[in-house]
Structure formats: structure tokens, C-alpha cells
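My structure is below; once you've seen it, I'll send some questions.
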Amino acid sequence: MVIEDQNKDIEQLIRDLARKLLKEKEVDVILGYTKGTIPLTSLPIVIDKVEDVDKLIWNNLCYINLAKYLVPRIPTLMNEEGQKLKVGIVSKGCIGRALIHLSVEHQIDLENIKIIGIPCNGIINRKKIEDEIGEREIFEISVSGDNIIIKGEDLEQTLPFNEYLNDLCKTCQVKSPPSIENICVGECLENPVIEDDFSDMTEFDSKTPEEKWEYIKNLLDTCTRCYACREVCPMCYCNLCFVDQNQPVWFGKTTAYSDIFTFHLIRAMHMAGRCVGCGACSSVCPMGIDLNLINRSLEKIAKERFNFTSGIDPEALPPMMAFDMEDDQEFMMEED
Amino acid sequence: MLTTVKDIISENKVNDIKTLELVFKNEEDYKSFQYIPGQFAEISLIGKGECPIGIASSPTEVGSIMFTIKKMGTVTSGFHNCEVGDTVGLRGPCGNGWPIEEMKGKNIVVIGGGFAFSTLRSLIIYILDDKHRKDYKNITVVYGNRDSGEVLYQPDLEDWKKRDDINVILTIDREEEGWTDKVGFVAPVVKEVAPSPENAIAVVCGPPIMIKTTIAVLEELKFKDEQILNSLEMRMKCGIGKCGRCNIGNKFVCVDGPVFSLAELKEMPSEY
Amino acid sequence: MSRIQYPSNIRIVRVPCSGRVNPFFIIKSLLRGWDGVVVSGCHPGDCHYVSGNLVARRRFAILQDLLNLFGIEPDRVTFMWSSASEGDRFANLIKKVTKNIKRLGPNKKFESTW
Amino acid sequence: MEQKVLKKDQIVKLYNDLVKDYNFYAPIKEKRNIIFGKITNPEDIVLNYYNSKVPPKEILFPQTDILFEYKINGKEIEIEEPKKLDEKNIIFGIRPCDAHSFILLMNFFSQGEFKDEIIMNRRENTTLIGIGCNTPKSTCFCTSIEGNPFQKEDMDIFLVDLQDKYLVEGISDKGKKLIKRLSWLTDATNADIEMAQELGKKAEEAIVTKIDLKNIDKILDPNFDHQIWKEVSEICIGCGTCSFLCPTCTCFDVIDENVPNENRGRRVRIWDTCQSCLYTLHTSGHNPRNSCIERVRNRILHKFCYYPENYGMLGCVGCGRCVQLCPANNDLRAIIEKINKIEQKKEEKVTV
Amino acid sequence: MTEAKKELEKVKKEIVVTGNEKPQVGVYVCDCGINIAGVVSVPDLVKYAETLPDVAVAREYKFFCSDTGQNIIKEDIQSGLINRVVVAACSPRMHEPTFRLVCKEAGLNQFLFEQANIREHSTWVHMKDPEGAFEAAKDLIKMSVAKARELKPLEVKTVSIEPACLIIGGGIAGMNSALDLATEGYKVYLVERTPTIGGHMAQLDKTFPTMDCSACILTPRMVDVARNENIELLTYSEVVEVTGYVGNFEATIMKKPHYVDQEACTGCGVCVDYCPVVTGNEFDLGLATRKAIYIPFPQAVPGKYTIDMDNCIKCGICAREDVCEPDAIRYDEEPEYMKVKVGTIIIATGWDLYDPTGLKQYGYGRYPNVIDGLQMERLLSSTGPLDGKPTRPSDLKAPHSIAFLQCVGSRNFREGGNQYCSRVCCMYATKQARQYKEKHPDADVYIFYMDVRAFGKGYEEFYESAGKNYGINYIRGRIAEVSEGEDHSIIIRAEDTLLQEPMELKVDMFVLSCGLESRSDAGEVASLVRVQRSSDGFFMEAHPKLRPVDTLTEGIFIAGVAQGPKDIPDSVAQAKGAASSAATLMAKGEVEMEPFFAVVRPDRCIGCGMCVENCTYGAIELIDDRHFGKIASINQALCKGCGACSGNCRCSAIDIFGFTGEQIFSIIMGGEL
């Protein structure tokens, strides 16, 4: 089936399920996507009335990881008494992963959540399209067959779908949420086995430290430290992020590169074995920084070192939560 | 403006509140630093940062300026580690102080709780000064604390108690051995003291819960909104209404406040 | 201990266990301008605190990988096991670290650029 | 003739003429983003752009701004004020909305009891050579805040893109003087001027976003506790992109940054945002704006209620950056629309 | 107490430090004799220290650990000059307790002390680079001052001590510790892995230099142990798990199945006669046999039987009513587990004999007449397989000539050898040689040695007399090669290093005087009880000189050869030392815990549970807090303060007292801004 038809089907499925869940009072609200106000966007939406269900949409621009809204810090999904509502959440694979990982980290109670599982065929990378189009405004974007069709002022362009996906989506193996008992109501993956050779990383890995440094520097130095990447990340739920801590102040708050890369380095450290590869951070960066490389290597570290993929198995402990006598320690220095 | 630390006084038992006495390095600066009680200033330690602190001394105490600082974060810890002779940056005075002109000829009721007493001290010292005492009528001070170890400015309190033109009532939350003054929260004590609203102005300063309960008591005692003054605590940073932190509605606490009357407060959005 | 000589350009910070070493300590040291960081702890299985070093080892593995990713020379930060009875080994490793870091030269990447 | 013409290939000449005396800022493409940068090669200048990602407020009010540098020597403290305050700047190619934002910024920084000398000084020494927007973006709404894509009042010199050349018009005295200096500029013809007017009209028509901001402050004022705030903040992730990249946002923090291992450092002013949850956190732990609800409310009220109350104009220039860049697509236009609706509902209730 | 001291006590005032006041650091740079002052200029270090922020005073003294030195610090504290103490001297492992006590005695919270180790970390290890050492010492002082400024007073927590001791190993050391502790009234659990106590000493014949009969002095002790009411003897048992901490250890002990009801068994021994399985006897090192149902040796305690299930064929004969009258045989017995609570633990696991099989040149295991020292001991023993009439294994004839080779597996720097001297071999070889000469005065006995080490009381005399009065030939030299001659005689090729000429010697029997080694499973025991071992494999003492029976884990002591090779008197002495140390600790009834545990900042904690998983001690759990929601909570009694939780915490919500993020941060920054 072609992508647009698939999306149409999924959209219909989402609406039907949402309607059913709301009607039968299985959930209090549905968390999903609706049409964005400008092209290349989508808008998260909380629906509590059956009649609003048709506002829900599904397309290849639903880049926000909705799991973020379920983390305790966000108060909007609570009732007047401050109790958590029962939420039905539209979940592509990475949202499902985020939910599972969040439950491993005791942040959400899956009992309270109904996963409306859908298969995702990839999220279009806004930045790549904007780069391609340049300084011309896009009015409309649609998917047709294997192509993305872009209409704008003096502009009608057809771009191959696969090339304009998020890089993370190209390697994604968890298109639907991994199934958890009694939670999925749509399509879910049964016991997914992740096999990944990380061949996309080979080129970068073969660089010298100097080349890597330059590459990453070139990637990150436009960062304005607005922390949109952090705020959109479902795994960034600390009360007080390390960048905001004083006593001690771990590092500077300026836009000097040493501060910027320390932020990204430590954030990466904190994401190791936890990143669910949704790519929301890259999608939302106002400066267009693509963190794919960092995210992929986080998955690589977790997989290759600890044979762990986050958000697949609610029983498995992420690498930093466990330890093992038999871990590799080739990086430890030994005598000659 | 640069000042030098002249003296450091530890104010409480756990030692996390200290009063710093500063003198100006440059005489000229002293002349230009004209303030009234209730105002605050930005004091800074080079290498640590800057923070707004209410001025604890009164303009009548010529020669130096005092700040009472509770150890909270990086900057305040820095102040706590100051030595006599250290350099402290000073910017200000900022904000509006207590309306000392409007208060003339009135009975003054000063109600304070805990650490927020510093600008009240400034006010009381100012009023009690020989030059100004005649401008004001009766003064009643109710000052509450968690325990006796937390009572600030003990020498001043001793002095005031000796005077007969000021009525000082101290209270602590719980019974304690050797404590001869009142026991109980501030609000009930105010109720007990029951100052008359007649030609009076009440100045209230303290933790939010104390303010809330005390204002309720004052309203019960028929104080009007305009008669109740309050100094707002708000996250202040720059002190000049620019950094954007301390706005309540279109008012900036650091420029338009921190002193507001209850009447003014009721006009503002309840975001403080 | 055995008074075995090793290069004198190393300063030792005492922590209870390698498990206490937060990656921040390492990064902060580099930001502070130290040219290299060594983390040393008891051998796996011999941890004074049973498994602190195993917890730490995962942390360090990830940190080392990420430092590589960001283009920090791998020799800048060294992890080693060395027990209280291995004065020789410790001295040899420190010599090696010193040599490595001398080869890398001063730590410029963490310098604040202003 | 007041109006001159600058051929497109003459930009290099213009640059070479001015760069001797001015820091020449203009839109350039850095990585994937258009930003205002200090030009070293006039070929880099990009003028056919919608708008820069980071607003040019960065030049007046840099993200990291050194207030002074200090050296600590035991008890002695040496303070060194920053130099280069009197350097002259040209911001070339600034859009009308951003130029208007400078008015708003200066309202804020130069009025009131305390003035920000550093920023005032910078503004004083800055000449704006702006350019009209022939093709505004669909998210632009400058016409809704009494501006337009060819609004030249806030500029010193105003350019209009006439395909192969620019129409150059001196607006302020400063601008006129500068044009005089550029004596090699040729006079504009009537056709040029007419064409410019035509383009201006077209551009104004091209602005499709119309939002009603006429009564917004009056609507907002009594609705501080309205439940709409919960609604509009529901999907906000609290990142602060909207305020970081807003040309009129001015919040900042002041911190001391020390050079490691040396007894010196600098006091810097860095951007801050009212969307950060720590922004209003008191030392006591109390936070009056503890959730997204209060923070989003503060941002909207500040721009559309408090700012008008204090300065008599809206605190927004309609550049559309926040609309474009909000990660969660929490569209300002939609928020305003909702706000306008609450009032109507109220009225309906009254009539019923 | 002198009058002056009493006076000082009287005027002593408590220095109240809340941690909020301005730090006033006193820096005390110790010369440590010439250990420090001989390498770096201490006056210059003092001058440097004075320039550091918040340093109120810096002083030099020859030995700050001395009484006078301590008083200098006390006076500064008492005069109110300082409220933080930094001593730049040796390792905190050495004197941290000393100086903490100094602070305490002077009325200052003892945790406001920090030690800069400028000896082990500078002047010793950079002795040949005095300039570098000076710079290093400066920085170490700077870092310590930086940390001292951040120190906060901490409260010592005390926990009560279970008045019971677990002793692992029932050899002569373990038994002596057990008896001492039991006599003092403490409950003792004596765990022995084999079916009997007695250990290696039971295998010995006579003891040097007094030539007492080993069994004669040992067996009464064994009986004492068995009879003592306070000793719970757990033979044929192993400790499988130890949890808890000083004063409150909990040990799980596995009682291995004897397959014979130990209560019912009367030790009559009828079963042995019927048992059809014959196998090698471990006690006699394979020189004799035993049955599958056995007691290790006649004097074994307890004298109850055990079935060796590895060899038992389960024929069922022993279970017959006519064989085992008390009906004590239990083929289906399962291991039993018991948990005991003890306050202290003594490790007395003893030793293994070095296995010389790997040293091919000596022919052990290849030639029947090459035996090791312990086998020789059994041959000589009157209770041994040959009733004290040693013969050579090949033909059971009394050998005419015997050669002993010393330092087998000891003092050997090559692979497979141990570097240390085993301390007993010279003496036991001499003793065995003498014993043999006593029995066969005309026999030729040679001892090949590197040096003879006869260091104990009466040992030198014993050795002298062996040569003089017994005609034992001591040959200084190493044996190059050993081959077998006719009739299984042994031909030795060696070099006499005194005469510097090669020699060849034919003997009837060749005894390898093997050294002692740490037990093969010492590593497992070490990780079980969490103590360290030194590089030679023996358990490591807390300090080689001053705390030879303590380990670095509080409440755990070592006795006997488990700590390093020793002869019997030394083992017993150490065993008594360990018992006394354990008793001293338990006599106090409570122990002070270093308050270096983890603390949670509830406002930062987000309750992700990572720390819970990272904590080996199970000291962390997630709780629902009224104000902060789900957060981590530390059980301080279980927390050891390792910081594994804190190192991983993304929110920096966990800190370790004594090693807080801020403190380590200041050290890294050297106290700068």
C-alpha cells in the first residue's frame, strides 16, 4: 500500500479507536496529533469529547513525542484534584518505546495508559526539506506514492520520500510500539528483536579525533542553548536539570563552545541507554541542529556494549541501572 | 560603587544569617547613596555574582550601610565567607521604600516575622531617631520567630525595650526555657495586642503564610486596605525593572515596589 | 606503600570508591584546565564496596565512548584498575598516562573561548 | 532627489565604502540559518531572505554580553569596563518588523528611572539600513500590529528591492547624512518610485494573517484567571524558543563567569526566558509561576497587556518567528484567536 | 592525668560549628622526620599555605602525630583561631583517626578535619624529583584546604554490636581465637569446612624447637573447643553469604550433609569395618587409605562419622540395622542453612601447601621417592600411616640417605613461584632431619639451602645443634636437576655455591620443603566478607605494623597464616590478638559508624529508581513523599557511602557526606571560584 493510503487508514483507525475509548469511558482523554497551523508541522492535542475525535490526524509530520506530556512534571493531564487522568495515547513506535522506558524508570504507570498503537512509516525531516527549498515559503506538503510533494510560492517540487526522512527513522526497527499486555489497542509489535549493524555510523567512526571534533563543533556551534531539545525529550524529566543547578555550578551558561559542547556531552551521557530514537530533539531545534549522530551512537553504545535497546522490554533494566561482572573493559588501561 | 566590609555580625544560633556592615571606598559615593527605609540595593561579590538585599540600616545611622543576609545560594554563601576588609560592590538604592512621609503623624504598627525583619529594623530605627520621633505617634512592634535562636538584632531589641516610646512584643512559635516574652504565631499575638486602626498604618513583612493570616487579623481589627503596607518578596535580579523576573502584571516589584499597600495588591493579578 | 617513583605532575583526589566518580568530576577537571584525568579503582570483584566499580565501569565505558564521539582524544581520560597492593602497576600506568598526555599536548578543547 | 538607486552589483562598493568606519552587519547564511553576522566578505550578504532566524536584537543585546571584566588580587579588585562601546555599526538589510522591534527594545531599555547605558549607546551608534519585504511569509502579521512590510519610519535608510537594483531612501537625518556620503549613488527615476509603491501595496496585500489585536489588552486584563490559559498552555513544552528568538523579548540573567585557574573573570549578561521554570523560583523555594500555565500567560500578557499599559504600544512586531519555530506548534495566532473568542462568548451571555 | 592536663580539660570549651560560619582553616604541615622535610622545604609549604583563601594559620612541626604536635593543633582550635583543620602529612589511612580525635578532644567536630597526603602522594613517590614533589605538595595542600572550606560538621552514628563472633576456619588460630572470646563470654560460631577442627597442626608430628608432640598439645584444645558452651562448633560447614556491617553482620552458613546423623552417631566405628569402598586419605596426603564412611583421624573433634558421597557407592550396608545400631545413616540428607547474627568476624582460613608438581626438574609426582614436607611429616608421625617409622614409598624400606631441598616455591621470582619467604620451612626441614637422625643415627641427611633462616626463640640453637650434634649436612646450593637412578634412588645434580663446584649426590629419598600459600579459595572468601588481599594472595591487614590483625573492613579481623606465613606460636599469638581486638570492639557494646552515607535532596530527586538498582547494599528504596512525590530514600544503617548511586544520578540529587559534589568540585577547582 502506498504511504498516503496507509496514513489515511491509520488516521481512520486512530479516530475509531479514540471514539470507542472515549465513549466507553475507558479513558478520560486522548492525546494525539492534529493538523498544524503551518506546513511541516503538526500540533499535539488533548481531546476529551467524542465530537472532537475527528480533529485527530496522522501523517509523516507528527514528530513530537507525545510521551513527554505524560511525565509527572506536566500538569495538564490531571483532573481538578490533581489526580492523573486515564489517557489514550496515539503511539508510533518511538512513543511506545518512550512509554515503556518511562515505566521502567517509575515515571508513568502503564495501567493508566491505553496505547493506541500505529505503525509509522517515518517522519519527514523538516530541516532537510527547508534546506532543499531554501528561502522560499512552503504552502503545502503532501505525500504521494514514494514522493513528497511540496507546493509553495512559485514552487512545486517532488522529492523522494525515503531521502527526506529523519535519519533515525531510516534505521528505525520499531515502527509500531512494542506490545505490552492489555495496553495496545491498535497495531503493536510482538517481542521485537532488534538487530542493527550501525553501518550508518561506520563512516563517522572511522574519523580521527580531530576530524570528529571539527565535525561535531561544526554541528553544534550554532546552539543558542534554548534547551528546546531537552524540553521536548520524553526522557528529560528532571526537576532541576544539571545546566540549571547551582551549588556547584557545573559549567558556564554562555554560548562559548566549551559550554555548548559540555551541555551536549553531559546530556548525551544522561541519555545513554535511554534515548528512544524519536528524533524530536532534532525536529524542534530552532537552529536546525540535527542530533541524529549523537542519538544513534547512544543506541549503538547501549546495543553493542550492553546488548540493550531502550523501551522494548519493560522488564529489562537499562545499562546504567544494572551492572555485570562480565562487562567489557577493553577501554581500561592496562600495563604494556 | 565599591564598598569595604567594616564589620560582620552573626545574627542567629545556626549562624546562617549574618549582617554585613559596609563603608564606601569613596566618600562621594556615600553622598549619592541616599535611601529611605524599605529600599533595597544590589550588592555583589566579584566572581560570585549579585543579588538584591533589603537595606537593614537606617539613613539615620550615618557612615555605613548594613545588609542582613541569609545563606542560601552561591552569592549569599560568598557574603557569609567575607572578611572584614573585603570589597563588596553596591548598586542602588533600588525600589520604593516605606512611605515615611505619608506615615507622618500616624500610629505605626510594625509586624514582622523571621528573617524579613531587616527593612523593618531600618524603619523603626529611622522613626526612633530623635529627629523623626516627633513626626510619628505610637509605635507598636510585633516580631515573631520560630525560636529564640532566630531573633535578629537582639541589641537593638534590648534598646527598644528600654524605651518607653515604643511597645515591642516578641513572640516565638513554641515554648522554650528561659523565654519570657510571648509564645505563639504572629497573627494570634496581633489579635491579642489588638492595635487600634484609628489613624494607624500597619506594616507587615514576613513569610507568605504569616502575611496571609496577619492580614486577616488586621482586617478583623477593621484596618482598611490602604492602611496595610506590605513588602513583597519576589525573585528579583537586576533591581532596575529590566531583567523581567519580578513583574506582577505590569508592575515590576523592584521598581514599583517592593512596598505595596494591600489596596494596591488587590488590584494586581494574584501571581506572587 | 612501596615508594615506587612515578611522575610528579599528577594530583590525587580521594574518593571513597570509583563508583562515586560522577562524569561531571571528569568533565569539570578538564574544563578547569587539567590536561588529563585518571580514574582508578579496585579491580572488578575486589571492590571494597562489593560492586561500586562495576556500576562505575558502565558509566566510564559510556563516557569514554562519548568522549570519542565528541572528538576528545581517548587518552585524555584514562580509567584503570589498581588495587592497594599494586604499587608497581599503579606507577607503571601513571607513567604511561603521563607519556600519553604529553604526546597529546595541553588540553585546549575544553578551554573557554573568550 | 531624496531617493537614490543602488544597483545590486554595487553592494560590494557600498560595503567597501562603509566597512572602514562601521561594523557592517547583514544577513548571511550560516549553516542552514540566515542570521545577522558581521560581514567580512560582501559576497556573503543574502538579501532575498524572509527573515533571519535569530533576530537582529542580538547586535544590540547579545546573548552573551560582557558587562565588565575583573581581576582579583587578594583583597584588591580591578574592574575593567568593556571597550569598543563607541564602535559604529550598520545593520544592513534589516526587515521593517525587526526595525520596529528596536523601538520596542529602546522603549524598554532607555525609559524609566533606570536606563541601560550599554544598550542605549549601542543603539545610538547603530545605523539601520532596512529593506522592504516584497514577499512576506504567510506567518507574518505585521499589518495586524499597525505595521506593514514597507514600513520605513523605524529605519535610517530604507531599501526597496526592484529586481536588479534597490531604491534607496534616507529616512532619518542620520540616514540622509549617510546617503550624502555615498555620493556615487544615482538618482531614482519616477518609475522606480512608482514601482516601489506598487510593490509595497502588493506586499501588504500578500499578508494573509490577520489577527485582531485591537482590544486584546482590554480582553486580557480581566481574564487573568480564565481557564483559557490552561487550554493554550496544554501542549506547551516550556522550551522558551519563542522568547529566545523573539525580537522584542528582553529577559536576561547576570552571572559571573570565572576563568579557570586564573584569578579573573567577567560579569556577563545572558539571555533568559520567562518560559523557564526556574526563572521566577524564589530562593525560599516558592515559585509564583510554577507551571506552563502561568508562564505562557505571562508571556502573552506581557506582550499584549502589560507592555501596552506601560508604553502604549503592543509588545509584538508580527514577525511570526514564534509561530514558525514553536516546536509544539503552539501558534500565537491561534492563541490570540481564542482570547478574542472568550470575550465574544461573554458578550453573548450578556445578551442572552 | 597530670594537673596541667586536668586544668586543660576544665577550661576546654566546645567549639560550636554549624557549617555556616566562615571557614578558618588551620594548615599543619608535618616534617614527618625527614620523610617529608627531607625532600621538600616545609617552611616554603607553610608560606604557601598561608596565602590560600580562608587559611587562618599554617604551621610546621616535626611530627604532628606526636603529643606535642597534637597539642599545637588543639591550642589553635581552643583559642578559636581555626574551625577547620588540614594536616599535610602521611596517608589518612595512617593518622586520620588520630587527628579526628585531636579535633574531638579540642571540642571541634571531628569531621572538620582533612588530611593532605603529601608523603605517600608526593615526597615518597617523587623523591627523586624534589621540585615536582614540592609542586605536588603545594597542590595537594591547596586541594585539601579547598575541601576543608566546604566541610560540614557531621554527627557520628552509633550502632549496637551483637556480642558474637564468627570465626572462619577451625585450625589452631581459629580455635585459639574462639577459646579466648568464649572465655570472655562472647558467643562464637566456629565454622570449619572439614569434618573436624584442628587444621594443619593435627597433621604435624612434633613441633620445633621444643620437639613437643603436636597432637598432644593440640587435642586437648580441640576438646576444649568442643566442650565450651559459648562456642557453637559448625564443622563440615561453609559460610556462603555475609551481609551487614560492623556490629551487625549476618552470615549464612551452609552445613554440608554428613549423611550421618551427628546427634545419633556414637562414633563406634562399626560402619567403617563394613564399608566396601577404599579411597585415599586426605589427612595422610594420600599416603594411606580410608573408607567412604570415615572420620579424618582418630582424635578428630567431633568424633562423628561422615560419608564421602563422591566415593560412596550407596550399597546400603552401613545403613543396615546390624551395622549402625543407632540408625544414624541418612543418605538423603540435604544441606542445611542457618543464619547467624554476629558483631565481628575473624578470618582464620589458614594455608595450602605449595604444590611442587609444576617444578618439573625436581621430579615430584614422577618419581615415587620424591615427597613434600607435609608428607614427610605424616611419615614421621607416630599416628601416621607408618606409625612413625618412615620408609620410602617405592619399597617401604627405611632410606639410608635423605636430601631436603629448601625454598621450594618460596623466594622464587619466576612464574609459578612465590616471592615471599614462608618462614617455617628451614625449621621444619631441620626438625624432620633431626627426627630421622634420631631414629637412624647412621643415615646421611643433606639439606640444600639458600640461607637458613632461624629467627625465632630457640631456633638458631636448634639449627646449630642439628649440624653439630646430629651431623646433618647443610649444603648451600640450588639443585639443578634431579633424576631417578636404579632402585628408584634419586640422583641430584647441584652446585655447592660455597665451594663453587658442581656436585652429584645419590640419595634414597628426596624431600621438597614446600612453602605455604594462601588458600586456593581465598579470593572467594575475600569477596564474601569484602576484605582485600595483598599481592601475595594472603588477606591484607589494615596496617602492616600497627594494625596487623585488623582488615580495612571494620569489624573483620585476620588470624594465623591467612594473613601471611607463620609458625605455630606466631599464629596463636595473632589469633589471640584478633580475639582481643574483636573483644575490645564488642566490649564497647556499640560502634561508631563513619557518617559518610548517602543523602537525598528531595527537591531534586525525580524517583527514577536508578540508584535503587545500583545499590549493592539494598540501602535505597523509592518512597512516596507527601511533598515531593516519588523519591529515593536511604537507609543509613545499610548505606556504606560508596557513592555508586551518586555517581550515576542525573539530577545530582544524591550526595555522599564527606565526599559531596561540592567538596569534590572544590578540590578539582583547587578552591578557586
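First chain written, first letter: the chains are A, B, C, D and E, and each begins at residue 1.
We adopt the following convention: contacts are C-beta pairs under 8 Å (C-beta built on N, C-alpha and C of every residue); 3 or more make two chains touch, one makes a residue touch a chain.
These numbers come from a predicted model, not from an experiment.
Listed here as common contacts of subunit A and subunit D: B, C, E.
Distances from each chain's CA mean to the overall CA mean are smallest for chain C.
One simple way to say how far apart two chains are is to compare their mean CA positions; for subunit B and subunit C this gives 51 Å.
Subunit A and subunit C have Cα centroids lying 34 Å from one another. With centres taken as mean Cα positions, subunit E sits 30 Å from subunit C. Put simply, the C-alpha centre of subunit D and that of subunit E have 74 angstrom between them. Of all residues in subunit C, those touching 2 or more other chains are 23-24, 28, 31-32, 45, 51, 55, 59, 112, 114, listed in ascending order.
Chain contacts: subunit B has residues 47-48, 73 touching two or more partner chains. Among all residues of subunit E, those that touch two or more other chains are 603, 614, 648, 652, 661, 665, 669-670, 673.
Those chain pairs judged to touch are A-B, A-C, A-D, A-E, B-D, B-E, C-D, C-E, D-E. Those residues of subunit E that touch subunit D in the complex are listed here as 603, 669-670, 672-673. Residues 8, 10, 13-16, 47-48, 71, 80-83 of subunit B are the ones that touch subunit E when the two sit in their complex. Within the complex formed with subunit A, the subunit C residues making contact are 23-24, 27-28, 31, 44-45, 51, 54-55, 57-74, 78-81, 89, 92-93, 96-97, 109-114.
Those residues of subunit A that touch subunit E in the shared complex are 72, 105-107, 237-242, 245, 247-248, 250, 270, 317, 320-323.
Here subunit B touches subunit A in the complex through residues 73-74, 77, going by the rule given at the top.
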